[in-house]
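There are two complexes below, and they share chain A, which is joined by chain B in the first and by chain C in the second.
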Partner chain A sequence: MTPGRLAALALLAALAAAPFVPMAGMRQYVLHVTIQIFIWSFIGGAWSLMGRFGLVSLGHGAFLGLGAYAATLLWNFYGLTPWVGGLVAVALTVGFALVVAYPCSRFRILGHYFALVTLAVGEVVRLLIIAERDWTGGSLGLTLRPARTDASLLAIQYADKRVFYYASLVVWLLGLWVWTLLDRSMARAAMEAIGEDETAAASVGIHVTRFKLGITALSAALTALGGVLYAQYFTYVNPDTLAGIGVSLRIVFAVVLGGMYSLLGPTVGTALTIALSEYLRVIFGVKFIGMAETIYGLLLVLFIIFLPSGIYGSARGLLRRRRTLEASATA
Partner chain B sequence: MLTVEGLTKRFGGFIALGGVSFEVREGEILGLIGPNGSGKTTAFNCISGALTPTAGTITFRGEDITRLTPDAVCHRGIARTFQIPRPFRKLPILENVAVAAHYGAARPTTEAEARQHAREVLTLVGLPTDPHASPALLGAGGLKKLELARALATHPRLLLADESLGGLDLAEMASAADMLRRVRGELGVTIVWVEHIMATLMRVVDRVVVLDHGEKIAEGKPLEVAEDPKVVEAYLGEKIVLA
Partner chain C sequence: MIDPIFLAEAAINGLLLGGVLALLALGLNLIFGVIDIVWIAYVDLVMLAMYAVYFLVMVYGWPIWLAGLAAIGVGALLGIGVHVLIISPILGSAPVNQLLATGGLLFFLQSFATFLWTTDHRSVRLALPVLEVAGIFVSFARLIAFVIAILAMIGLYLFLTRTYIGTAIRAVAQDREAMALMGADPRRVYLVTSAVGGAMAGLAAALLSIQYSVHPYFGAAFGPITFMICVLGGLGNMVGAFVASFIMSEIISIGGVTWSTEMGYVIAFALFIVMMFVRPGGILTKRE
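So, the complex of A and B:
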């Protein structure tokens, strides 16, 4: 067994045991933060499936919001279990994503233009949620109708955070698994080719539109799933935290910070941004309003300028280079 | 094998191709020549589906392919190279060719088969098959070879080679010409070869079509065409050397 495998197994075992480690009253808080890291890392990973191939979407909030709201509304109004409602929400989001992606691909909306179009789409979804206040609750948000018991499998509602800890751990692992499958397939090479030069890619038989729609559908589906999970855990959805520019940029920042070309980049970036914002919130509290956000923003800008392939990506690159140097020295 | 009839392409008011007709016969190497801006690359773009012709029809092995998308044209068995090499720089050399072998073949291939085929094609053109070798290591000649390898990997019956041999020295030009001859010989691929430096091309091709300002001005055996006064004039008296 390679050292990398061993480390991964040890990490998994630690993660699986974590909820049972005594933490002197801090357990609820630690679990809460960790669950958020899992969910947002998963969403960041879903974003990076497109981002790494040059499809930089600034509108993933749209997919997140659609997923979260659709599942919540189906449960609140029709009593449809989120097991089914979640699937419907994911299917709906994929349909929506394809409607946006098809013209983008057909008319070759790329680069900055693609970013701007998706940015607008994310805002439109946020504004729609606010406008339809009769059933979405508008900008006040919407609370998930409570299940009759404290622990309901049918409603996916549990008072015990540990259930969500494991659920989000599994979902996070699912995201890593999908990323790895794609990364090892020839489809990655095709997407890489498309990201670089669509004309040349098409000339060697790659169906550009099909690939772009496929990767968009996959990314949107996983993002929507993240939205459903978020809604079930927080039991509250709000247009500003789940749709629009704010959350879309938050996803992008975290991934860019960690590194969008590596398996664990989105996770490292998300963990750092969440830890940083928690830390700054605790330090500054309510004393200097806006101070935490300012420092947070400043640090992000510095990281993005000085570590363009992300913290994790850069660190890994450095390690690799050292390893090849050693190898060539011993050869 | 390929019939082009009345091929017309307008860019706004500018006529890049004004009703060009020619035929490519199975097994030949056809030279497509003409001065800068005469419409050679535009003709390739139309045939390969990268551009939609304004008018005219293109028939390949009995099928009208005029309005097919580039990937569909590729699956019919027509591959093209780009005048200015367009490698996928983020992919290793081997993957550049393997992705073409995998998605360009008309029948489904496994990834392992595609990589194997890519190695064979790379060996044929004389590029490294090492899975980590990057296109960044290649010079102008190497990038041309990669361009050719990527096109050949798609199992074409017809190769459209846009080879302005600019940037190559005499030895490289000769070996590029040699390469195309071998491609026809060993793989049985019919070739349309675009070039504007005529001397190299004339020695290799079976027939020549000459374009000037988007019109066909001559067609025939290299020797006859080289003597044609219209061709001589189009090239502004540039001497067409035949060894």
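So, the complex of A and C:
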């Protein structure tokens, strides 16, 4: 067994046991922060499936918001269990993503233009949620109708945070698994070729539109799933935190900070940003509102200038270079 | 059915808003055309300059026109600062990173403004009259802003066509490599472009601050629509951006009166998305 695999198993065991470690009253807080890290890492990972191939979307908030709102509205108005409602939400989001992605691919909207079109899509979803305030609650948001009991499997509502801890851990692992599957598949080579040069990729027989639509559908589906999980855990949805330019940029930044070309990059980036904002919030309290985000924004700019492949990506690159140097020294 | 008077009023307000939006879009477009980087945080510079106007007028008691001139200076300095500190180190990086660096700046400016000045809405209180023409009410402040914006755009046009540095700026926008071969210093051209773009943001700030109150999220409210106008007009295409400003502002204004403010923006954004598919090079270009 390689040391890397051993470390991964040890980490997994630690994560599985974490909720039962005595933490002297801090348990709820620690669990709450960890659940958020899992959910946002998963969403960041879903974004990076597209981002790593040059499809930089600034509108993933659209998929996140659609997923969260569809499941929530189906439960609130029709009492449809989120097990089914979540599936409907994911299917709906994939349909929506395809409607946007098909013309983008057909008319070759790339680079800056792709970023701006997706940004507009994200804003359209946010504004529609606000405009339809009669049943979405507008910018005040919407609270999930509470289930009758403290622990309801049908409604996926649990007062015990440990349930959501394990649920989000599983979903996070699912995201990593999908990433690895894609990374080892032929689709990755095809998508990399498309990201480099579409015309060249098409000329060697790669079906450009099919691959682009496929990766967009996958990314949108996972993002919507993240949205459903978010809604179930927080039992509250809000257009500004789940759709539009703000949340879309947050997702992108966390991933870029960690590194979008590596498996654990999105997780490292998300964990760091959430840990940083929690730390600053604890230090400064509510006295200096905005201080945490100010430092966060400054770090982002510095990172993009000095460490463009992200923290995790750069650290791994450094480690690899050292290893090859040692190998060549001994040889 | 909506009263035609309301519609006429909305159309006039849209026209007046279009003038200021065009000023913003031209500033952003100038920078894009020359430096080839979209400043996502452009409207956040406007927000900072609006705070400058607010404090100069309300705290230090400056007259509004002097504060407006100061805002132009503040904008130009901010433009130079952004270029020197953020843009020049990443001129050679991937376009995605350039986009994200200015996005990070947006985050930084927004939160820093929240930290310094809280999320209160602040407005410069000016007692400007409301004009009435045939039952249609027009705000005098908006009329002044429109006229000044149009004059400023004429000034920009003259600067770009009649001065040496202006000609150099247009030349770089057309061909980056050839310009360096001709012996012009691209760094100086970039710096002047950033300063001019920033100054336009400053002027827009002065014109916006007599109509709207300023708050840290002002950039988020006007930013997306500004990029979309630039792209709709064709990035780097000045005439296109000018026309697109009025199309978008009319949609927002009339849509806002007919349905709701949000729906006005939804229609404008949806039009943008569709136009990107139909006319990706901007509304004034022919499809290849």
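For this structure, a couple of remarks:
Assume the second predicted complex is superposed on the first by the 331 of 331 C-alpha atoms of A that agree within 3 Å, B and C clash if a C-alpha of one lies under 4 Å from a C-alpha of the other, contacts with A are read in each partner's own complex, and residues count from 1 in each chain.
Heads up, the rule we're going with is that a contact is a pair of C-beta atoms (placed from the backbone, for glycine too) under 8 Å apart; a residue touches a chain by one contact, two chains touch by 3 or more.
These figures come from a predicted structure and were not determined experimentally.
Looking at the superposed arrangement, the partner reaching more residues of chain A, out of chain B and chain C, is C. Of the two partner chains, chain B is the only one that A:A200 touches; chain C does not reach it.
After overlaying the two complexes on the shared chain, residue contacts for A:M186 are found with chain B alone; chain C is out of touch. By the touch criterion defined above, A:V208 reaches chain B but does not reach chain C.
In the superposition on chain A, contact of A:P308 is made with chain C only, not with chain B.
Of all residues in chain C, those touching chain A in their complex are 38, 86, 89-90, 93-97, 99-101, 103-116, 118-119, 216, 220, 223-224, 227-228, 231, 235, 259-260, 262-263, 265-266, 269-270, 272-273, 276-277, 280. Those residues of chain A that touch chain B in the complex are listed here as 185-186, 189-190, 192-193, 195-197, 199-208. Residues 48-50, 69-71, 74-75, 79-80, 82, 86-91, 95-96, 98-100, 102-105, 111, 114, 150-151, 153-154 of chain B touch chain A in their complex.
If you check the complex, the residues on chain A that touch chain C are 54, 56, 100, 103-104, 106-109, 111-113, 115-117, 119-121, 123-124, 127-128, 130-131, 245-246, 249, 252-253, 256, 288-294, 296-298, 300-301, 303-305, 308.
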